[in-house]
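One chain, subunit A, links the two complexes that follow: it is found with subunit B in the first and with subunit C in the second.
This part shows the complex of A and B:
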């Protein structure tokens, strides 16, 4: 599974929507379901995937699907 | 009590926001201070406050240099949460802190809807030129709120405070909003 596909799966789970409903350019503030609680779910799920806590620099930089994919990719 | 400043009273689409008075101390509010889900992200001990102690705390806020401002649901009239705002008159700046105690409003944009009204109030009618907030780095919902509202990340304060849970050092962010930033955001229609 590509980093982008993994990121899409993680984001879909956090937003509680189907993976095919996640826009490729999904960004905080542009997806209705992406609220503050979904954001928390996203960061926690990402940490679970990475197997470590996000650094403060990483956590605050996450604004879109691409940012999630970059972190997933960097783990590989 | 609550002297010498001007109490805040604002209405938004879903909320009434007004300065607290000691008689606002309620069992509901006292309950929030005993809830670890609410107090944990603030790094504060979950210890239910007695009502009279809460009333005394409210009375310490003068609506001039420090404010304690309640958020009330228009639909139900219920107390939803509150802001604690400390104003530095010399520098025309203020630190904004917010607690949403009613969990039904978590994830419902209650913070940004009400904070937008408060930013306009303080920037345009109370002489404020800079607002700042310092959420803990692990307070992910609050980070979302600051970013969504257009606050600027001004820094990461590493190991800024001690965890009340395990004594480890906790990181904090500083987000800031200048009056001119806010005017530009409101003009662009991206305020909340």
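This part shows the complex of A and C:
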């Protein structure tokens, strides 16, 4: 599974929507379901995927699907 | 309801960019009260306040109280249909919005206000069905403010950050009115992701000594915000949703001050008990001794016991009078001076409370209470929905999230997205289901009733 596909799966889980409903350019505040609680859910899910806590710099930098994919890719 | 406004500190409203001293607030209150009195508002009136989280909200609230009237504080995020439903139910003489006032004509009323008269009405559910409005008298509110100040200490309440909404007992009574009554300043900030990102900076910039919060704020702030660089924080409360011992410890480490796991319910005018890390190590569900009043448990036969395990019951001078226009609901929970909370737990020989779960179906989404039956009834008004069953699903970020099983009318093409969009037009966002399950049948008990627990377990087997 590509980093982008994994990121889409993680984000869909956090937003509680189907993977095919996640826009390729999904960004915080531009997807109706992506509110502060969904963002918290995303950070927790990412930490589980990465197997470690996010650093504050990493957490603050997450604003879109691409940012999630970069973190997933960096783990590989 | 009388509060000595001249002894209040300053209200800093960062969104509006205003800071009202006690003198400026008093002038605003007098101006607004005059306008309401001109329209006949008095001690038998209910006035709905449909905005919140601002200095103007406090001016309206105190103006209503200065006339001896009761304030019904509505969630500003209600949809128009939800707001209409609540207003039709509580029949206010006036509705105060940010930019306008609507007044029902009527006879002028006096300002006579007895301590047992209604002062505050907070809605905990029923914005689409029959509303459930908690009525708190002046004596209950004043008792709670006094008990809170006694438990916390006025010096600690000198500079308070208000992170919670003001239509919410925790936010209004605990986080805002308690410090104001203690002569402290409050700082009103916009909520959401920005608050979590800026929390440490806000605490430093405003020399915050006290704040309350819900656990979901910390899920974000611990990851997104650097710790405060200064040492102004003296006490932090966390409440309205379960707080794990692990999260409790992490919050204490970030705050570098005692963190109190609070037990508060709207029906008890907010905090009834709290356990501080200054006195006890963090422990799951532990909320300490009551701050005034007593805790007990209800046995299976309905008798009340001072020690044991079961449904927690509370006796307190700050108890609600009852639910507005709902003697049936009131009688079910308020008996012989005890309020039956619907929370399961234990009370030990020293009167200390440990919470272990819920006896009711209520869903607690990040501190906001959602009644599943309300969502079922709304969805079943949709022409494509034959049956709906709403239930709680554990969620790491919000404690619980709202899920629903839906049986569609045969041939319907509705999707989760289309039903969610339909709900968002009629229901506040926090109550709108996030997880949707489409089923051929909703399982029933042998008596033909829907068991929300059974539905959850059948759809998500790995939940408790």
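Note that in this section the second predicted complex is superposed on the first by the 76 of 76 C-alpha atoms of A that agree within 3 Å, B and C clash if a C-alpha of one lies under 4 Å from a C-alpha of the other, contacts with A are read in each partner's own complex, and residues count from 1 in each chain.
The rule is simple: a contact is a pair of C-beta atoms (placed from the backbone, for glycine too) under 8 Å apart; a residue touches a chain by one contact, two chains touch by 3 or more.
Worth saying up front: this structure is predicted, and the values here are computed from it rather than measured.
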Task: Which superposed partner A:28 touches (first subunit B, second subunit C, both, neither) - done: both
Task: Superposed model, subunit A: greater residue contact from subunit B or subunit C - done: C
- [ ] Please indicate which partner A:17 is in contact with in the superposed arrangement: first for subunit B, second for subunit C, both, or neither.
- [x] second
Open item on the list: With both complexes superposed on chain A, which partner does A:59 reach: first (subunit B), second (subunit C), both or neither?
Closed with: both
Open item on the list: After the superposition on A, what does A:4 contact: first (subunit B), second (subunit C), both or neither?
Closed with: neither
TODO: Check whether A:40 is in contact with subunit B, with subunit C, with both or with neither, and answer first, second, both or neither.
DONE: both
Open item on the list: For A:70 in the superposed arrangement: first (subunit B), second (subunit C), both or neither?
Closed with: neither
Task: Residues of subunit A contacting subunit B in one complex and subunit C in the other - done: 28, 35-40, 43-44, 56, 59-60
Task: subunit C partner contacts - residues on subunit A that touch it in the complex - done: 16-18, 21, 28, 32-33, 35-41, 43-44, 53-54, 56, 59-60
Open item on the list: For a test of understanding, state which residues of subunit A touch subunit B in their complex under the given definition.
Closed with: 28-29, 35-40, 43-44, 56-57, 59-60, 63
Task: In the complex, subunit B residues that touch subunit A - done: 106-109, 111, 137, 140-145, 147-148, 153, 156, 158, 171, 173
Task: Contact footprint of subunit A on subunit C as seen in their complex - done: 192-193, 196-197, 216, 219-220, 223-226, 365-366, 395-398, 401, 416-417, 424, 429, 434-435
